[in-house]
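Shared between the two complexes below is chain A, which has chain B as its partner in the first and chain C in the second.
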Partner chain A sequence: MKTALLILLLSASPALANKVFVSNEKGNDVTVIDSATLEVLGSYPVGNRPRGIAISPDGRELYVCASDDDLVRVFDPETMQETHTLPSGPDPELFVLHPSGNPLYIANEDDNLVTVVDTRTHRMLAEIPVGVEPEGMGISPDGKVVINTSETTNMAHFIDAETYQITDNVLVDQRPRFAQFSDDGTRLYVSSEIGGTVSVIDPATRQITKTIGFDIPGVLPEAIQPVGIRVTADGKKIFVALGPANRVAVIDGDSLEVTDYILVGQRVWQMAFTPDQSQLYTTNGNSNDVTVIDVASNKALRSIPVGQQPWGVVVAPN
Partner chain B sequence: MRHQTALRRVLAAALIGPVLTGGLALPAASQQAPAPAVAAAQPAAQMIRVGVLRVDRAGLPPISRLDLPPADLAFAGARLAIDDNDTTGRFLGQDFEAVEVAATLDSAAADLDALLDQGIRFVVVLADAATTLALADRAGDRALILNARARNDALRGADCRANVLHAAPSHAMLADALAQFLVWKKWPRWFLVTGSHPEDRALADAYRRAATKFGAKIVEERVFEDTGGARRTDSGHVQVQAQMPVFTQRAPDYDILIAADEAGIFAGYMPYQTWDPRPVGGSAGLVPRTWHPAMEAWGATQFQNRFEQLAARPMREEDYQTWIALRMVGEAATRTRTADPAALRDFILSPEFNVAGFKGQKLTVRDWDHQLRQPILLTTGLLMASVSPQDQYLHQVTALDTLGIDRPETDCQF
Partner chain C sequence: MRRFFLMALLAGPTAAWAAQGTPDWPCVQPRQDHLSLGQVWTGPPPPPDTAAAADPAIAALADRVVQRRMPLPEAEAAIAAFASGADNAQLAALMQAVFDRIDGQRTNLIAGISRYGNKQARLAAQVQARRDRMAQLQSAATPDFDAMDAEEKALDWDTRIFTDRQQSLTYVCETPVILEQRLFALGRAIASHLNP
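Take a look at the complex of A and B:
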């Protein structure tokens, strides 16, 4: 009876089997997890201080910012063998891939630059001077506008994806870490780690339409440090990783009010959905694990130990 | 220094447009003029000039040669802050400049006058407490003095001035930071050893106050007389090994020896030389400070990298305190979009002001004594051991106000 049920359960969710890649900043490796079994498949060396991590839309190339190697390392996600490297400029931290898979826009934290790299020719296309400590990188769903946030300048820079010109700068709260568009492109969410807020920006007018704060009973306000942001495809739920508050906030896409706080591991930073958006993975840097959240119920399903100081996470496409 | 800054500005201007590399044809970029919305392409309309006045005191070298002050102490922090402010400023049409002056006790007043005569209205001062006070009174309402070195509590209390803002921590903040940790450790019995200089006595007062505030007990007090002595001579360590155990013997039972040695005469000799096997804190051992070059939390790694790239040495507290002082001015200029000194000053002292300083939370200014609130790092030789305030100490306004002199306790009247 039990066996039959198990088989039924397993066969009911074959589409869920995606590989989850977690970059471990201090461990200098990537942990690979199976999203169906939630088992760790292995961990693989990827260079020094891996942080930002992304995968090509066709799932054939895994990009890792090897910050201390001053380059982006590219891996075959199947074998986790390095295939080549991309010039990234110094200290690459976080990047965003054009929706088409090319080019890659990289934030160079130590040099106040955004570097644009062609993923096919492996050549650097441009260096765009931005504010101090560029970090967050976002791109509009139509691929026309690249956003960079600079942590010490406290701005979201709007960059034309083709001309590489900065078209506007929006001042937000202290230490902006991450920029995420809604899938319909009508909203841009920017998290401010020290400000403790998420700014909702109208990309058409470049005006802040709302600043969302967080308040968790029993958690010191100073510990609430928003970093990673993910928005469901229908725009109804916005998940915000709150760093040392050890929680992920859930924001209602209509009211822009916080509806829930999900307890996860320690110092939660980045997050990634599975392609069907049933699960959300969070990297918990201080507890060296990732938490798997059930998106429908806002429940933490399980914590999975990974490497040292997990930083970024990406899930392979179907 | 000033032409260096000017040169950087020219370079920054040259870099405003995207730098195309690789020789790829990018017609869109090469044909199009920079978008008008790029404020950087406009001439810098707002100039904000700041003085950095470091008053060096002739005296003995520090007891460890690792602590020898570099020639660019504090100035390197200023240069990083100007770089940071300028990078932000080019999006807003603001340009920053720091005029660096290394003064002596004798020249300080004239050097301050020279800065004020240039129209400078913000002066970062790195000096002892008495000199800082004298310079503040000399500047009067002509400038806001940003104190980046003096820690004396009286400067924030009975001797406070409305035209002084303290980026440096107070003795009380440092002592409270250590006290919270020691009480959390359940090490409440302290053996307080104070140097014989006035600044040592001021620091010892802060430790006595901290003991009362957090429920520790000073079980023994001794004064370490500065009689000159061997210090770094060839056989100095032999004397240290003989003298320190004798100096610390027959103390009542204690948990930790606290050295109040602002003058830097003896504390460095204390660890491992006490009669009883006890740890040392305060001016040596577990040291409360604003910055440590090993700090990696809260994004500090890239901040340390940027500084080390610029200065070719690790960052010191004076550099950090100068950096944060200039960042406060820069942050005010960014938020208010003005170069008007009165407006900047008002904004910095307003409740709306906050600045990020790689300490994991917003740093703000106490309106009752103009002290910058900030977490204090508790550091050992090579690492940060803890950060205060400790989580267990709560406060109705901000946990940072568990460190130092709180509103109801202040002696300051502007």
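Take a look at the complex of A and C:
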């Protein structure tokens, strides 16, 4: 009862307005949404086939992987004017920003490389050879370990963020797409799209401690394809986007059991929290919308139409 | 990936299959023969083959709203009109009826894509055979120029048809998704009328 009251109080207090940026892979633009009103503020061209999207910790630079332009385009999030580009290597798909805001680690799907780029000098610092079809990128909260997953090699590669050397490889299920650390750094979650699982890895021992499967009544197993993962700051809830199952699974952080499957939109891939973690935005590539999930209640609040084939999403910091 | 595909296409029609799939499934999208109701519906489970499912009004409404030529707002209005006098079991039965129809259409479509792919594979083999014959004709001691002209013309046509069809493949492969979008939108419309 007391918690319910607390939730009510929290949701009743006016939420801070943050801008939500959604990259539309086919529309070649970014849709900007106001997180308080849930209104679309506008959409802006950002180059060809925008996929991965990130924002600097100070909220001043928006990074977009323009996959078919073979570079990262950088925008002023206020005006959505392009300020400069960053070298990315060919076909950049997804990237992760160091917690300090520099450098940027980019997965090059076609070239089996991870490219490291200095966001201040705009120079390439290193190219790290990894497995075949690198995609998922994660970084430990202390910024010391970068994770890359390779879709064809089926591995999570542990990369030393300073020496750029691979220090370990963990074999996971088929077609790993995404890697996400818990905020305390004690767990690494890796999703396998074809394997249909999420591997929970202990970053200290590099051992898989649990493999989480998904079973949705009335949904054929082949439709369950886990991609994006987000973990609340307290580690209590893990959200997993299940692709064409059109659901987001909610996993209890203590038991690592699935507690809920939220129906969102079609082919849900990527997700982002608002800074207060009251809302989670999901990109639904086939229904061309984003779903706003209320994190406290695990309910889909609203579907907001965006551009063609939404892929990535990021929310501006406070 | 795209660059590789282009290279494969230039290297010869047959090689293109290697990059994009098999004749049975020439699309980059993963093949899924059937959809499942849970992908579009979290409402009550449809009544198992009872009066509601056999209700002719539900069948007629489902037949109408699944048609793609009916604009979605009209379909939503028709569903709303039905929902005003319907309970949750009837709405679930409507959902099942809509699902069965669209999933059936989609399965036929996927079989069609397989036939399309197999035709392309046969055409590719034919192009290869014609090229071999051209090479033979050209290397003959006394070349038969009439035969060479005829073979060249046939080769041009076959190549052109193959290329045109190959260019339509992107669209063809996206048609199952168009049906999935319709199903999802109708599911959302029906679910919005469920009584809590």
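Criterion: the second predicted complex is superposed on the first by the 303 of 318 C-alpha atoms of A that agree within 3 Å, B and C clash if a C-alpha of one lies under 4 Å from a C-alpha of the other, contacts with A are read in each partner's own complex, and residues count from 1 in each chain.
Please note the rule applied: a contact is a pair of C-beta atoms (placed from the backbone, for glycine too) under 8 Å apart; a residue touches a chain by one contact, two chains touch by 3 or more.
This is a predicted model, so every value here is computed, not measured.
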item: Partners on chain A (chain B, chain C) - clash or fit; value: clash
item: Contacts of A:110 with chain B and chain C, given as first, second, both or neither; value: both
item: Touching partner for A:70 - first (chain B), second (chain C), both, neither; value: neither
item: Residue contacts with chain A in the superposition, chain B compared against chain C; value: B
item: Touching partner for A:263 - first (chain B), second (chain C), both, neither; value: second
item: Touched partner set for A:220, first chain B, second chain C, both or neither; value: both
item: Partner chain in contact with A:287 - chain B first, chain C second, else both or neither; value: second
item: Contacts of A:246 with chain B and chain C, given as first, second, both or neither; value: second
item: Chain B clash site on chain C (candidates 39-47, 57-65, 165-173 or 183-191); value: 165-173
item: Shared chain A contacts, counted only where both chain B and chain C touch the same residue; value: 91, 109-110, 220, 222, 244
item: Residues of chain A touching chain B in the complex; value: 91, 93, 109-110, 112, 118, 123-129, 131-133, 150-155, 157, 160, 162-169, 171, 174-175, 193-196, 220, 222, 225, 244
item: Residue ranges of chain C in contact with chain A within the complex; value: 1, 3-4, 30, 32, 34-42, 45, 177, 180-181, 184-185, 188
item: Footprint of chain A on chain B - complex, ascending; value: 12, 15-22, 24, 26, 28-29, 32, 34-35, 37-40, 83-84, 87-88, 91-92, 299, 302-303, 305-306, 309, 327, 331, 334-335, 354-356, 360-362, 391, 398-399
item: Complex contact set, residues of chain A against chain C; value: 91, 109-110, 216-220, 222-223, 244-247, 263, 265-266, 286-287, 303
